[in-house]
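One chain, chain A, appears in both complexes that follow, with chain B as partner in the first and chain C in the second.
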Partner chain A sequence: MLTIRLAFRNIMGAGLRTWLNIIVLALVLVMIIWVQGLIDGMREYMITAEINANLGGGQFWHRDYDPYDPLSYEESHAPPSPALQELITRGEATPILVAPAAIYPEGRMQSALLKGIDPTQEIISIPGRVLEAQDGDAIPALIGAQMAKQTKLGVGDYVTVRWRDANGTFDADDVRIVEIMHTPVPSIDVGQIWIPIERLRIMLQTPGEASLLLLRKGIPEIPEGGDAWVHRSLDYLLKDILEIIRFRLVTSRIIYGLLLFMGLLAIFDTQVLSVWRRRKEIGTLMALGMERDRVTGLFTFEGALHGILAVALGTVIGIPVLYYTFATGLPVPEMMSDFGVAIPQRLYPSYGIPLIVGTALVVLVSVTVVSFLPVSRITKLKPTDALRGGRS
Partner chain B sequence: MKSVIVFTVVVLVLATGVWGRVPPGVNDTIGGPWPTGEEIMRRIDENLVVESAVSRATMIIHGRSGTRTITSKAWRKGRNNSLVEYLSPPREKGKKMLRLGDKIWNYVPEPNDRIITISGHLLRQAVMGSDLSYEDITENDRLVERYEAVVTGEEQYEGRPCWVIGMTATAKDVAYHSRRVWVDKERWLPLKEERFAKSGRLLKTTRITEAFQVEGRWYPKRMIFKDMLSRGNGTDYIIESIDFDVQILDHMLTKAALRR
Partner chain C sequence: MDDRPLITTHDLVKQYPAGGGFFTALNKVNLSIQRGEFTGIVGPSGSGKTTLLNIIGALDYPSSGSTLVIGTDTQELDHRMSARLRNEHIGFIFQTYNLLPVYNVYENVEFPLLLLGMNADERDRAVMQALEWVGLTDKVRSRPNQLSGGESQRVAVARAMVKKPELVLADEPTANLDAENSHNILRMMVRFNEELRTTFVFATHDEKVIAYIRRKITLNDGMVVEDRETKPAIH
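Here is the complex of A and B:
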């Protein structure tokens, strides 16, 4: 108890220097939790949005299908195996057919992907119902807002699409844009035109075929796909997104490290200065019978007290700041929608107990360690030398 | 007098086509025998299909944002093996395109010495923003093996008498389901061609505006390709020189040769 009282009195005696150290550490603590919360919020959003709008609860791919290789699209389609067909019949899977095409908005040729989807499916959140029961001969088509912006197409517009059937012969027809969907997930938007799958099967001469199947979330048992179909779990499908997040985590941790380093440097400096300037005090304490370990403990605790007070101050500063961003979110610049991953219009951070407690513990432990390093020299001091204030 | 009237009626009836068009393959009609569609395609193939050739060509692309001119040299051997090297402008110089069967490799020397593989539908993509696809530039298929043709009439085109034939694909893997071709009756060149999608939509037109005779065969000198779905102004393809039946060593048409 004496040690605690002494330590508290000593660091308060240092005045402004102590408070500057505490404020810097508190700001570092709040900053780390805030930025990490934003990254966690972004990760949760990206994963949820991808699952809901694009991935479903996992997928089966035709064995030749590779979403990153447009050359694979033409050859990667087949009828689903009986087991997978059974899933489709039960509404636990929905087929998607993919075909490369060229479109001619305003007479300019652009590459595009035709994607056939069952308009009645409810596995992903694409508003496929708008493709049902459209009047006229033109093929009803659904595009995303980014695609609409890029091609300057609006609802009711017609655009010529050219594609090749399964034999490689050109065909062309007009599609009519019946809806523009606003989705944060670029992988169902950019360069894509969604049309009814049965229509696309007729266009490609591939009756009953699909390129991939989307599975409903939480289906109890994944069947065997057979020779032509390969199961892709959510872990596999989210690999790229998790990789992006992991990369962001690494870079943000470097920044945390630098911030913390600056805070700890101030503590280290304070401790070195304390040991140097308070040698006579150390000598007196030892001469009066205080053991070396207790003296070391006192000085270490003085340093660690900076961390404890920083956590307290960080709580006072952090709660309103973190709560405000949690409640209102942060607006995301529009340019970030071109990044190729699901980006929300407002980013809401996610602060978990492990994040807050873990960060506070990291600050406390590192401050304690940094406080101990300079004062460990005290154990080598002779009381007489210390009283004299000379070197040992 | 009666015989004169009968003769006149017969002539008028025949001239107005009351007896109908002559079915393909039947050679006798007014104005002399009509060749069959197959004969016409065969004559076109004799002109255009080459065993081997080395040519220099200029491509003038009339885009919406201006005109670009690209010159190239091509080595062609057999049906679908060819190498094209771009000679100008400086931005394109040194780029090469190799076709072996249904695969194409594009070699880009700058900035990072890359070879890009193209196959499948990309073979039918436009080359360098032109109205020609990779397939248009490199194809050397015999029409008779991929289409059946019906002679649908005779017309003057650009002052030259032509057979008009309608071609429909017999092979499954052809790019264009049907074509209508105006074939020069004397030179057996497809002076004008319309290429259609399966739906019947006109996709592309080609016109031969100048031809020259080399080693006994007529060959296009200047052609205009136009993608009818786009609003561009077409692409001129001019063959500056061509030598037929030139010996082209096998090693020239390999991937390894792209970097030489």
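Here is the complex of A and C:
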């Protein structure tokens, strides 16, 4: 009790210096939560966007399908097993057929991926409906804005596509771009040409077949896929994305670290320097009969008290600031658009309880440790040595 | 009343490592100081006065020999017990006052009583009485940096006396004070010595202090070269 009382006396007595430190720490705390909230918001957005636009709630892959090996695509398609077919009929899954192809925009060859999709599917947020009921002979095709920019294709343009059918025979035809979609998710945009699955099945001579099936989110029961089909959970599918996100967000982690470091530096200043300055005071306390563990405890608690007060002040500053940033979001600079993962136009931070409580705890604990270390060194001195040093 | 000496040292030696060998700061010091003495340890600079005072106050340990202070062998005390000995029985007065800078006068004087765990009423009474002794009741709320040197040292005296210790150790208490303040402080100490039977041991080479003491122990190169009663020149 005495320790608490004396610590309060000491830090209140130190006046301005105390408050400066507490304010710096509180600001750092709020900034850390804000930056980390942005990172978390970004992460959540990326993941959700990926699930909504590309992954669905999990997938079944043809046994031989390997998204990283385009050569595998020609071998990896089959009719869905009866159990999977039933899912498709119930609208809980939708088939995707994938075929490597070459396109010739402006006469130059470029490789692309033909993706057959059911125009009526509602499992991923691709505007497939535009592929329905197109008149004329040309195959209707949907591409993303980045793909359009890269190939200089616009709505209504025709482009020649060459592919190999199931027998290995090359074939070619024109597709007509019927829509350019704006999507934040690069994986359904860059290099992708979406056409109706029935047309692709005819082109490849693979009636009723698919390379993979997308599942609806939260379907009650995942059936056995049979020999030809392997279930891929969402966790499995997200692994790569998470890896990319982690890699992309390294800089943000560094910012987090730097901010924390700044805050601790403020405490480092008050503690290391002030403990040094206060050597004589420490010696006096010991001469007056204060036990050295108690002196250590006192100074450590003074540091911790900075942390506690900073958390309190941080709460007062933080609630309006964090609420405001949460409500209005933050515009994302254009230059981030080739990030390789989904980037929103406006970023809304996500402030979880674990983030807020965790950061407050990290600050409290680090402040306490940073306070303990220097004073534990001084109190190990003999009182006579401490008394000799520093003017108080 | 207990008629054993308050302080006894036996063949006290203190050596500091210096260069490759040792520097001997105290060399076989044998002393005995009775309760109620008003004693000065004098000698040239570097003769070992502060070292001796610190060992008596259990702030430091001798290299060999022993010290008995208020019935306890200070060499047998761990840092916890020596802290308790200082807190309960010994008052310190330093040349540089050593007030706690963020505490006001009242809080500085109150501090040893907080360590003793005294209750609030008793504490308040004792603090106010000590401040009355040193004539600073009008400065209770002042901070050390608002006090003159003489006032600061009076606060330090009040802090040392507030718990009515058996022993007060004062290392050059007047070195930073002018003549008037020095006499003022010394007269207070004589009064405490006479009225409360507090034992005072000074380390000093200040003639003003020497004029008040009743026993003069002279150190030179860490050895007691003279130890005699003196007639206080001033009362």
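What we mean here is this: the second predicted complex is superposed on the first by the 310 of 392 C-alpha atoms of A that agree within 3 Å, B and C clash if a C-alpha of one lies under 4 Å from a C-alpha of the other, contacts with A are read in each partner's own complex, and residues count from 1 in each chain.
Heads up, the rule we're going with is that a residue touches a chain if its C-beta (ideal position, glycine included) is under 8 Å from a C-beta of that chain, and two chains touch if they have at least 3 such contacts.
These numbers come from a predicted model, not from an experiment.
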Partner chain in contact with A:100 - chain B first, chain C second, else both or neither: first
Partner chain(s) touched by A:291 [first = chain B, second = chain C, both, neither]: second
Contacts of A:325 with chain B and chain C, given as first, second, both or neither: neither
Chain B versus chain C as contact partner of A:146, first or second or both or neither: neither
Which of chain B and chain C A:383 touches, first, second, both or neither: second
Contacts of A:6 with chain B and chain C, given as first, second, both or neither: second
First (chain B), second (chain C), both or neither touched by A:280: second
Chain B-touching residues of chain A, taken from the complex the two chains share: 70-71, 73-75, 100, 102, 104, 106-109, 111, 160, 162, 164-165, 167-173
For the chain A and chain C complex, residues of the former touching the latter: 2, 5-6, 9-10, 12-14, 280-281, 283-293, 382-384, 387, 391-392
Sites on chain B touched by chain A in the complex: 64, 117-122, 124-126, 169, 172-177, 197-199, 201, 203, 227, 229-232
Touching residues (chain side chain C, partner chain A) in the complex: 54, 57, 59-60, 79-80, 83-88, 90, 92, 94, 96, 98-103, 107, 111-112, 114-115, 117, 159
